[in-house]
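I have a structure here, written as structure tokens, and I will follow up with some questions on it.
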Amino acid sequence: MNNTFGRYLTVTLFGESHGPAVGAVIDGMPAGVRIDEEYIQRQMAKRRSFSAVSTPRAEADVPEFLSGVKDGFTEGTPVALIIRNNNVRRSDYAASAGIPRPGHADYTGRMKYLGYEDQSGGGHFSGRLTAPLTAAGAVILHMLEEKGILIGSHILEAAGIRDTAFSEENMTEEIGKVNDMLFAVLDEEAQEKMLEAIQNAAADNDSVGGILETAVTGLPAGLGEPFFDSAESLIAHGMFSIPAVKGISFGTGFGLASMRGSEANDPFVIRNGRVETETNHNGGINGGITNGMPVLFQTVIKPTPSIAKAQRSVNLETMQETDLVIHGRHDPAVIHRARVVADSMTAFVIADLLLQRYGELWFTEKKK
Amino acid sequence: MNNTFGRYLTVTLFGESHGPAVGAVIDGMPAGVRIDEEYIQRQMAKRRSFSAVSTPRAEADVPEFLSGVKDGFTEGTPVALIIRNNNVRRSDYAASAGIPRPGHADYTGRMKYLGYEDQSGGGHFSGRLTAPLTAAGAVILHMLEEKGILIGSHILEAAGIRDTAFSEENMTEEIGKVNDMLFAVLDEEAQEKMLEAIQNAAADNDSVGGILETAVTGLPAGLGEPFFDSAESLIAHGMFSIPAVKGISFGTGFGLASMRGSEANDPFVIRNGRVETETNHNGGINGGITNGMPVLFQTVIKPTPSIAKAQRSVNLETMQETDLVIHGRHDPAVIHRARVVADSMTAFVIADLLLQRYGELWFTEKKK
Amino acid sequence: MNNTFGRYLTVTLFGESHGPAVGAVIDGMPAGVRIDEEYIQRQMAKRRSFSAVSTPRAEADVPEFLSGVKDGFTEGTPVALIIRNNNVRRSDYAASAGIPRPGHADYTGRMKYLGYEDQSGGGHFSGRLTAPLTAAGAVILHMLEEKGILIGSHILEAAGIRDTAFSEENMTEEIGKVNDMLFAVLDEEAQEKMLEAIQNAAADNDSVGGILETAVTGLPAGLGEPFFDSAESLIAHGMFSIPAVKGISFGTGFGLASMRGSEANDPFVIRNGRVETETNHNGGINGGITNGMPVLFQTVIKPTPSIAKAQRSVNLETMQETDLVIHGRHDPAVIHRARVVADSMTAFVIADLLLQRYGELWFTEKKK
Amino acid sequence: MNNTFGRYLTVTLFGESHGPAVGAVIDGMPAGVRIDEEYIQRQMAKRRSFSAVSTPRAEADVPEFLSGVKDGFTEGTPVALIIRNNNVRRSDYAASAGIPRPGHADYTGRMKYLGYEDQSGGGHFSGRLTAPLTAAGAVILHMLEEKGILIGSHILEAAGIRDTAFSEENMTEEIGKVNDMLFAVLDEEAQEKMLEAIQNAAADNDSVGGILETAVTGLPAGLGEPFFDSAESLIAHGMFSIPAVKGISFGTGFGLASMRGSEANDPFVIRNGRVETETNHNGGINGGITNGMPVLFQTVIKPTPSIAKAQRSVNLETMQETDLVIHGRHDPAVIHRARVVADSMTAFVIADLLLQRYGELWFTEKKK
């Protein structure tokens, strides 16, 4: 079940960058969940190329639903969707065959699949695979919104430039705001500087990385397990499936290393008759279980490995060191496109936890 | 399968801090794997209380094997082991019932289990549960060592004091060195300062956190999946099951956010006729799959939530805010004890990946 | 996860016949489920030796709960229970080492575990493993009864002698009746004849087999999946885990082979304002999903393979054919003991299906 | 993971009879496995309509591979395949909406999916779903044949007429023979009588059922688990996913109920220097583990529920009893088409067991 994620709600992913199609199957999908095609298209648009800071490969990316949907509602059976790969230029990749691109999965793919893998365009490792993930994620994100659960991410840092973090007071509005943006940054000035830095990197035939901050609001307390399916474990498992993710932290994260317990422990308080915590250093999760506060985490995205600059590598046939120059289409940054994938993976985990808790009928709309 | 971790090799965990016993069941265990009881005892000793910087609750912690082991070898059937809880002082916990300890799982446990949970000593959330994990982990760590795969962790940071990182040149020796230490720090001076800082925190009725660095050497390339069971996903899933872990990063981790692709991409080189990478910013993993370089990651451990200092909390019966002073036995730091648990969780993942690759006979010793 | 059964509610089994203990871990167990120790003891008694027709090995078989239970209710954490093996006579088995008993798992165990397996008393293959299964099953059976769901089995056939089948009209009473019996046969005369036939087989140093009929009443419609987790698939998966089971059929079963569609299709009717079927040839399941009628199935139990009669086998060391006479304690029939195991496995499946449908809070008793 | 079957090798199924497409995803697929398109077509042909005894709906049924295959070999990534539904006549089904067909899944589908299900053509319950299963199964059957493992089924009984069983001496030839037939019966005379009986049933607007016998040869000993994943458990789980299957038995099956242990125990003998059993009452499996003898089992297929004859049912809107006459295309028998599905499900289980044993590299062809 390598390419299947989830326990109660699962998503299975398939496809290669330059194969006939990429796709996903959602199983454990409750019946009677509304499919909002506009919502899906908005999510797909956020994942797509964005002006000067993204690759010029533009796919229409309209998912075709093959099963599990009828008259605008899920049927309760598996929802399969595919996206055809139309804009494929195989020749870009022929030259470097046998010379693995540094930072990319060419070498490990070869070691794992023994030469049977499709290297063209990154094959199964390609960011292209996140297109069906985004489409499937949109179905789930919308289902959660109908239950008052909101998920959103912004670029907390890119190319060393820092955005302001989500604020506790206006988090819901801020999530709404960034969810309407193509380049999701809370602070306008930071946004401008990031775009400039990315263009500078592009001009240098290079790329940049960054950090996403993701928030989930509206969650009930009591979701997750002490062992081994803590809310953090499940979210991290999902996040590390996104290409280029190399780290994740919850709440104050690595900052907790230098704090004392008396600072890091979030005091319980009563607000509007509800138990809340005064601070949220623990990112809404204690002992692996949601505590009703917003779930907050940061995900580091390494700089895109595909760069046009010359790099050192080896020829696997001759076992000689060699220089490598990669032609083709490249993103100087993917973080602004990755955030919608982060939201999707988060949605899968949250829906999974809710199904465990409330059963498969909880999401079903009453039939009129 | 909440309390079961793994795919091909699984570990199931049970027990409450003040219940009759804690235990673990290893399933998918290959037959013919040597059980080294001394090795297990050394691992248990590293997890146990350590002098001035740990809680005085000392359990003998000798695991009893109930099944799956005969004449010093595994049988291939489930290995069940239990550790009795002898040194239980339930009264320490009675006073604060209904008033959740900040930073701890009392509140979320109540929300999840609706009052049926055992709060005494942290119940199922207790660090006590890591005792059988350590015993089970020792079985697997030893099995991996027989195959030339070495796992070790040291305290990269505690109370804001930094150790030197594992070096590329002497990593195997360094792992061996820290695996023989009770308070695993590479730099002697850093070790002294950390111990002092922890004692200072204890004197203040407070606690400290830190960062573990874990290394795995001797791994073949080709382990892990692009989706969704990347080596990073599986390791992170396991690590976040350890109480107090709030973040994990691989290789250069969050530092990758401000690097450019040309710096972050590890160039491939030929060394001794083998493909290696010159740097290891990716922590031995590309595209979710091991590349044959050491797997390297950092795990942040938050300061122990149980502190003797007065804290603010709420009374869940009266829904009033109140002050809370926790009596009982507390650790001013757990990071030095957590590292053996980190090694154990890592071992489960590595063994699981190897079983997928090579099948259940790979670890079996030839019968004479 | 070989020794773990279930999806939402799981049971993990461990132990060898002559090892220190056998045991089980129930995970996914809802919190707030009442544990009735007398109920458990009654189930254990039904599994135990029965007079002249069972082995004289009598174990006290009182399960010790190690975790997950407090003050008579489940905590929501894993319920681990063990049963010590006290009455062990290893010497009975030494003689035949290397000469596999026909019909038993000695040979296949050797092929699988390569000589590392514990052959004594059947090791992990022993019927002894059904003791913790029965104890765990009792917890679940009782939980289901509190929700009005009743499970019971009787010996439909033994040694060629036929009992009357469950009747549609009085099924609930009949289940109640057989659940109070140690040798569960509806027809008194058939019972007598079966006991006699079993004693005759024992006198011949031989053994007999039979067929169990199991019924489940009180189930809601809508449980199960078209693919691949049909109610029949899950039940069959569980039943074939019981040693000696070699076949299972639902409703009219193999009799359907010679019927026509117009006979086999159960017409829908309205009874007391509810949709029911007039006949129940489909055993309460259509398209893999429960239809609200009683679930009915038959399980064939082969004659106990351990017999005292001389048999032909081979010596695996010398690869010579040889005769084998097995000493030790043997059951001339196990079907009367197996039925409580069949009930337990059925209970695991039914609870699992209900958890999927209604979530983990459905079984929780409201806290006073 | 309801619509996903398997542990190491998984198949995920999706689609509705009258939706855009049906399809399957094979995951855990080893790299470097040859895809033989002619082989696949032969299997698809066997599943398709057959002359007078099958429905006239004829689909081209050519699977399109969307991923995981390149240059005639698997890549090691998920193999997704779809089959478009071209020949759809939705109007046939409109009339009976709200009146469930007896013996079919209309009623249980409604109870499960609460009216959101696609009833047209049976929706997700349709035999149409077995088309992608057959295509996926063909990939695996061919992979197993390359390793010398042969799977085949024939109609042991249909409409009460009995074929001869597979013989021990010529089993491999017999499997080869039936695998080349569209209506797989060993005895020519029995075949003729069956075809006649099916045509008679069709003339009566009725349908017939039967029993399949399946054999697997060339299997190594040592595959399967004592608990809970016995070879029988896994095969039965798969078989009960095939629509219309209501029972399964291994070896002598229900006949074992009236045998004595001394008859049912298969004596071990030495043949050609190998350990074999003289008889095969246990169907090649002892203690849940293969013993190296052919695996043999029987599966009962109930008469096709869709018949043209008038039947009694209820109107779910008015809750009144009513008569139902179903128009449209129906099979008077499906057993001859089901057998290739039985072979496919068996292949999934066998491949899964081999991957557990020998790892994911075992099936990979050496790259030239």
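The first chain written gets the first letter, and so on, giving A, B, C and D; residue counts start at 1 in each chain.
Here is the rule we go by: contacts are C-beta pairs under 8 Å (C-beta built on N, C-alpha and C of every residue); 3 or more make two chains touch, one makes a residue touch a chain.
All values reported here derive from a predicted model rather than from experimental measurement.
**Student:** Would you indicate which option in B-D, B-C or A-C repeats the interface seen between A-D, with over half of the contact pairs matching by residue number?
**Tutor:** B-C
**Student:** Comparing the two chain pairs, does A-B have more C-beta contacts than B-C, or is it the other way round?
**Tutor:** A-B
**Student:** Counting only C-alpha atoms to place each centre, which chain is farthest from subunit B?
**Tutor:** Of all the other chains, the one whose centre lies farthest from subunit B is D.
**Student:** Any idea how many Å lie between the Cα centroids of subunit B and subunit D?
**Tutor:** Computed value for the inter-centroid distance: 45 Å.
**Student:** Distance between subunit A and subunit B based on Cα centroids, please, to the nearest Å.
**Tutor:** 27
**Student:** Go ahead and note the Å separation of the Cα centroids belonging to subunit B and subunit C.
**Tutor:** Each chain's C-alpha centroid was found; their separation is 38 Å.
**Student:** Could you list which residues of subunit C touch at least two other chains?
**Tutor:** 1-4, 7, 13, 77, 112, 124, 226, 361
**Student:** Can you list the residues on subunit C that touch subunit A in the complex?
**Tutor:** So the residues of subunit C in touch with subunit A come to 8, 77, 226, 355-362.
**Student:** For the complex, give me every residue of subunit B touching subunit C.
**Tutor:** So the residues of subunit B in touch with subunit C come to 1-4, 7, 10, 12-16, 19-23, 25, 27-28, 31-32, 64-68, 70, 73-80, 82, 112-118, 123-124, 361, 364, 367.
**Student:** Under the touch definition given earlier, write down the residues of subunit B that touch subunit A in their complex.
**Tutor:** Residues in contact with subunit A: 1-5, 7, 13, 100-105, 107-109, 111-112, 124-125, 129, 157-160, 201, 204, 206-211, 220-230, 232-234, 236-241, 243, 245-254, 256-270, 273, 275, 277-278, 281-283, 285-292, 298, 300-307, 309, 311-314, 316, 319-321.
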